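Accompanying notes for the structure given below.
All chains are identified by letter, namely A, B, C and D, in their written order; residue positions are counted from 1 within each chain.
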Amino acid sequence: MEHAHATAQALSLSLSVSYLRYIPLFPLLGVLFNIFLGHRLGRKAVNIVSPGMVFLSFLVSLHAFWNLPEGGRLVDTMWLWISSGTLHVDFALQVDQLSAMMILVVTGVGFLIHVYSTGYMAHDHDVARYFAYLNLFTASMLLLVLGENLLLLFVGWEGVGLCSYLLIGFWYTDDEKASAGKKAFIVNRVGDAGFLLGLFLLFWTLGESNVWTLSFSTIQQHIAAVPAEVATVICLLLFVGAAGKSAQIPLYVWLPDAMAGPTPVSALIHAATMVTAGIYMIARLNFLYALSPTALSVVATVGAATAFFAATIGLVQTDIKKVLAYSTVSQLGYMFLALGVGAYTAGVFHLMTHAFFKALLFLGAGSVIHGMSDEQDITKMGGLKSKMPVTFWTFFIACLAIAGVPGLSGFFSKDLILEEAYASPLGSPMLWLVGTIGAGMTAFYMFRLLFVTFFGENRASHEVQHHIHESPASMTVPLAILAVLSIVGGYFPLLHFLSPLFGEHHEPHVAPLIKYLPTVVGLGGIALAYVMYVLNPAIADNMARGLSAFHKLLFNKYYIDEIYDAVIVRPIVGMSNWLWKVWDAIVIDGTVNGAAHTMEANGSLLRLWQNGNVQNYALSFLIGAMAILGYYLW
Amino acid sequence: MVSAVIFLPLLAAVLLLFMAKEEEELARRFALGVALVTFVISLGLLVNFDSSKADFQFVERVPWIADFGIHYYVGVDGISLFLVLLTTFLVPIVLLASWDVHSRVKEYLFFFLMLETGMLGALVALDLFLFYVFWEVMLIPMYFLIGVWGGARRIYAAIKFLLYTMVGSLLMLVAILYLAYLHNAQYGAVTFDLLQLYNLKIPEQTQLWLFAAFALSFAIKVPLFPFHTWLPDAHVEAPTGGSVILAGVLLKMGTYGFLRFALPLFPDAAHAAVPTIMALSVIGIIYGALVAMVQPDLKKLVAYSSVSHLGFVMLGMFAFNMQGIAGSVYQMLNHGISTGALFLLVGVVYERRHTRLISDYGGLWKQMPVYASVFLVTMLSSIGLPGLNGFVGEFLIMLGAFKANVWAGAFAVSGVVLGAVYMLWMYQRVIFGELKHEENKKLTDLSPREIAIFTPLLALMLLMGLYPQPFLTRMEKSIEATLARVERKTAVVQVEPVEPPPVQVVAER
Amino acid sequence: MAPISYHLILSGILFTIGVMGVLLRRNTIIIFMAIELMLNAVNLSFVALARHLGSMDGQLIVLFVMAVAAAEAAVGLAIILMVFRNKETINADELKLMRW
Amino acid sequence: MIKLPPVNWLSLLPAIIPAFTGILVLCWDLGMKNEERHRLAWLGILGLAITAVVSFCLLGRNEPAFNGSYTLDSYAMFFNLIFCLAGILTFLMSIQYLHTSDIHAGEYYALILFAIVGMVVMAAATDLVNIFLGLETMSIAVYVLAGIWRQRLQSNEAALKYFLLGAFASGFLLYGIALLYGATGSIQLGKIAMHVNEHGASTILLIGVAMLIVGFGFKVAAAPFHVWTPDVYEGAPTTITAFMAVGVKAAAFAAFARVFLHTLGGIHGQWEGILWVLAVLTMTVGNITALVQNNVKRMLAYSSIAHAGYLLVAMVAGKELGGAALMYYLVAYGLMNLGAFGVIIAVGRRGEPNEEFADFAGLGFRYPLLALAMTVFMLSLTGIPPLVGFVGKFYIFSAAVKAGYLWLAVIGVLNSVISAYYYIRVIVSMYMHEGDKVPEKLSARPALAVAILIAAVGTIWLGVFPSASMALSRLSFLALG
């Protein structure tokens, strides 16, 4: 399937408009409102204004979506941001097919989560600060997807990193939560460092042939100026950034800990929007990645590895949010797998569908936690089916979707990825096989979660059971809407819609076995989960006992965190202590003070020469005279 | 106009001396008033500064010592304009922040205004002798500020600061003398006029040791890596106002000195020194960040962060390309604002709790929310979050450094990561977490006066982050002129900046 | 007439004896006498040189030197007397009030 | 009848006036009651003022007198101004000082005037004998002055040491003159210069030059010959120490420069090596030993040795700029040192000299004006612009750099950094330590206050507007021809 993606033709149609700026502006106004007026006007006003702002920008996004010229883009240049020497960067926003889809997802799902949060945070006293951060996050995410050049994308990129830091550490009084936020920011920063290096290399390589730009459309026009091997380095560096932001193998450690934040935050940031930034960036720079197959294969292998690896950990987790977190890491792995094999549309399609059902799963989990008065350990739950029907049914639909049961959105996007993985020249049967096993495991742990939480009888303490209630309307309505989207999402004509960017989509024709095996494996996974956790729960326990070593390894997340701490964090802190105590204090200061002391030592030595005796003075006098005479007599 | 800006503070300082000892309030208001007036006049400089010209503007030239061809010769160009503005902008803020200094207020204000004169003079002097005079005049008030109003080990810190800087500057004096007599040998007249000295044809060998003398003096001031040990002591012991000015402006004297004197006067030596200084600045960046990480004392942490930030500035400068130098000049301004604000914040808490140890604080957000949010924005600007001023400077520097030397760029980027680490860790231990200590429960939030101090700083951080153009366009021409001088090697002819006209390919609007 | 070098050597020797006297003897008065000896040694060389060069300047200087030496002796002995009256000793080793 | 040869009285005027005033003081002292003694001081000041005015008017002229052995040239007149400045300020400081120490005023003032006569003769002499005569007149007067505080043992000891070593050094100087006379056949500087320029240096001449260096080295307190200075300066009464540090050193340098830079300029190559070593040794020894002193007066003694080192750097720098730099630096050095000693006197009280660093503690904020003056002097001695000390050092180091002695300039600069430490220690104790010493109110001692004021204003004024005085020193050195 050759990549006849759109040549210059797509760029001709770029309408200059001036209303795009309002999309990020409305949430920003929300931020200012919350900071300055939030406390004074009280909870009521905050609960109306914050979601309202997001809804307004949703409307503007819709407007932009309708007027999007066929195959072209809307551009809104605001002002000249940085211009120094040959660097020339405008503060400009653009909407093309990819950005249109992204802003709709961000504002749409974002709005639903804002509404949900009004309910979820009902009894939290610091609501203004919470919504200020949430609006700031939405604004930065919009800036990220609307940015017309790589630098603006980076601004949004770090902006969302900041907001995730603030929101994860929202309940700052608890040290453990605050350090989780810090961990997220620092790991993101490591990724951003790679991103920056890639950006510099791109800028200067283009500069070689006198093309001074960072804006996507211009880069695309002059992409020929970038030699292949340099392109590989650039793509890998940018992929480091993406891995940092979208939690792939080396840099995924922050996402599970990010669950310390409030659940709607996890839903919005760590499921629907922020973590997809990496995928958006690679999709946005597809013409660059197309130059280096090696980079693409690296992306694919890392994606597949992450998908499989995270799924294995997800099997045994007992914290409801941790399971969902690892499932997100795994699904992101799938998206990178799709990008890696060149199936950009499939990747973006899965991104959209994943946004819907994963947000739904998190919100469902939030409503469960809310009901179970902040209990997160699923082993202490059970039998919520009857007590929280809406939550159960929406949760059930989402599980079906993510497991790839035919008919729902997950099936369309995930199976498409697996087919592409098999069929595409960049893909390989091995990738397909790993993907399929992953799909099976996904189905298994999702339904394990469903059965343990909602089926059987409730294992919580008596008074907790007494309080279990269905969440209020403000929480259940968004759940319902998202459930509908999870079902309908698969049928959006996205593949055709994105064709101007990624080229006409051709159905990969693959042997029926390859095409249907993942679905079968998925259904098998569900059945196995049903057997193990509903029919005869004992099996699960003795299996856990049987393979206890393996179980313990998985449960402790392969001890990755402890390894990182020992290999990276502790040596750095040790070295800085050494640098400070030894190098600074002893070596440099030592020499400085030493010089001062030698002066004084000599001083006290010379001082002894003045011993007060006249004849001693006459002697030194004579020595001086002799020296001068001696000088002349030689 | 320039001379008015320089000598107004000195005049006010002398008048202050005659004021009675008791009315501290009057003395404070008078000093603040004068500082504000100076700021307004310096704004006049900004307004009618013509950014299309590269050479010096508002030039004033009066013969001073005829025998040696020394003139009182001052002028401003794109680079020094903003440093002058930074000085006149920071001094009123610092005076406002020193409202709670109660011991010997009159002398405190006297030394501050005298310090301002010294700094401004050094920034606008175009005669090497005059520059040297102001360079030394700057030392004495700072020495007194640290020595008299400082903390426990103030005397050691003050003497160390003074002697350390003096060693460098006196060696520079010998180099200046040698330059003047070289000019005499080549053109027959002894002169200290910078513009004429730019045209000197200096043999490579002599250029090296001359550059070394200048570079040593400025490296101590910057401070570049091995010469930085005086900075933490000076910062920790100096009073809040002293640290802000020390970090805000005095450190920039070193980098400004490199850009104005060391680089254009000795182009060949500058090129020869690029690898060493780039290595030192990269080490400085990483070393500063690493050591800052383990500091128990807040002020020491910010001091080491300054070592790291100024390592960036030096890196950008020695990239010898437009982006690098523009970034380094811009970062000088940013560092002045963000580190100045950081020190003020530390001062606010120090004034209330009289301790600088991070472990004594914790959970301040609940107690002082406004303070915590101001601290948040300042911290973010200091670690270079896009959208705030730090990012623009650091981005340009890293871009320039990456072009000059890929590895330097790579290590500099790691500096950005380490920067985030120590800042966030400090922020978490001070602001987040449980409100454990009893004393912290009694802390009051920012007073209106303190808010008045931070609003202009925060506004500038945002403005310089989102709309840096007015600054960058004004610097452009002077930086091009300096670059042309640095590139000219020993060819004496004044080479116009011959850069291929950049093909400005911008997506059609 | 003996060549000029004999006289110069003699005055050199006298001069060195004077210097040795200053260094070795303890008693301040004897030190002072040794200094006078040095001055006279120089007078000798002046006279010898004057004769050798045939110019009167040398002789003239000797007169001046003698006058100065006399004045110096007066003042010097007065000082030594003052020190003796206060400290009962003029031994150079004891006069060590001020040192380091 | 012996016809007196025509005597050019005009050239002698600057010497006659102080001599005459001295005699007047002595006579007036006889009939005077004890408490009006201070009037003698004002008489002395009047005399010196007249001398200064006369010297200033005679600046432009250049007339030889006494057939070549004495001249009236602007070089000598410039030095006269320095001597009068030193004399006047010492007198002002002494008025009050004599009350706290029971020194007999009459002889005291007369001897200072006679010492100044010796200096004037020394500066104007163009003949080795006159130099010797001037030197001895000055020295004998100052030997006595050093020991004039008879009750204090230190003063006696100082006088004795100064006398013995002074006489010892004059012995060497004389021997040098003799050898020079032998080698060149004349004692007139003009003739010697001609002889040296034609025949260059014979060994006898070189030995003579060596002896001269030893003789002058002692007077100027150059390194190996400086050992007497700390004891004598500390022992002598502080006003006399000030007078010695400034006046005597200036006079010695006047003769030293005239003989070496002008007369023996031809063989500069031979003796500049020694002076180079002497300069470095003097600066370093002076500065390093000063570091460890804890008596301010003794520290200033070592610092005056260090400054002699800087002056030797000017000597090494030689003809073009060196001489002018030397003269200018002597003015600067004079002002700073007189001021500093003035402040030490101001801090002292009857009975307790208060010369330790600790005695200066906490002075900064209790006596702001006095402390400010001391800070100005200390900073100027360190060489911080915009004070006269810096301009002086700048002048000397530019002379050294111009003459190509780069390393000398670098060593000189590094020495100033070392010197910064012990000068700043005074400021540290004044401003940064707490103390309770209560010196007498300055207003009670107007003369002393005026002296310190003159010195301080001079230090600041000549620092900020040095152009005129630099030109004057350059012209007067060129007048040597």
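To be clear about the criterion, a contact is a pair of C-beta atoms (placed from the backbone, for glycine too) under 8 Å apart; a residue touches a chain by one contact, two chains touch by 3 or more.
Here the structure is a predicted model, which means the values were calculated and not measured.
Farthest from subunit D in terms of Cα centroid separation is A. Chain B has the Cα centre that lies closest to the mean of all protein Cα atoms in view.
Rounded to whole angstrom units, the spacing between the C-alpha centres of subunit A and subunit C is 98. Put simply, the C-alpha centre of subunit A and that of subunit B have 37 angstrom between them.
Chain geometry summary: the mean Cα position of subunit C and that of subunit D are 26 Å apart.
Here the spacing of subunit B and subunit C, counted between their Cα centres, is 66 Å.
Shown for subunit A are the residues that touch two or more other chains, namely 596, 607, 610, 612, 614, 618.
In subunit D, the residues that touch at least two other chains are 160-161, 164, 168, 230-231, 421. Among the residues of subunit C, those in touch with two or more other chains are 19, 22, 28, 31, 95, 97-99. Inter-chain contacts occur between A-B, A-C, A-D, B-D, C-D.
Those residues of subunit A that touch subunit B in the complex are listed here as 11, 14, 16, 35, 75, 77, 79-88, 90-91, 148, 151, 154-155, 157-159, 162, 165, 169, 172-173, 175, 178-179, 182, 185-186, 189-190, 192-193, 196-197, 200-201, 203-204, 210-213, 215, 217-218, 221-222, 572-573, 575-577, 579-580, 583-584, 588-589, 592, 596.
By the touch criterion given at the top, residues 4, 8, 11, 15, 18-19, 22, 28, 31-32, 35, 38-39, 41-42, 45-46, 49, 52-53, 55, 57-58, 60-61, 64-65, 68, 71-72, 75-76, 78-80, 82-83, 86-87, 95, 97-99 of subunit C touch subunit D in their complex.
On the side of subunit B, the complex with subunit A involves touching residues 160, 163-164, 226, 228-230, 287, 290-291, 293-295, 321-323, 326-327, 363, 365-366, 373, 380, 385-387, 391-392, 395-396, 398-399, 402-403, 409-410, 413-414, 416-417, 420-421, 424-425, 428, 431-435, 466-469, 472-473, 476, 500, 502-509.
Subunit D meets subunit A in the complex at residues 160-161, 164-165, 168-169, 172, 203, 206-207, 209-211, 213-214, 217-218, 223-225, 227-228, 230-231, 270, 273-274, 285, 288-292, 418, 421. Taken together, the subunit D residues at the contact with subunit B in this complex read 364-365, 379, 383-386, 390-391, 394, 397-398, 401-402, 406, 409-410, 413-414, 416-417, 420-421, 424, 428, 431-432, 466-467, 470-471, 474.
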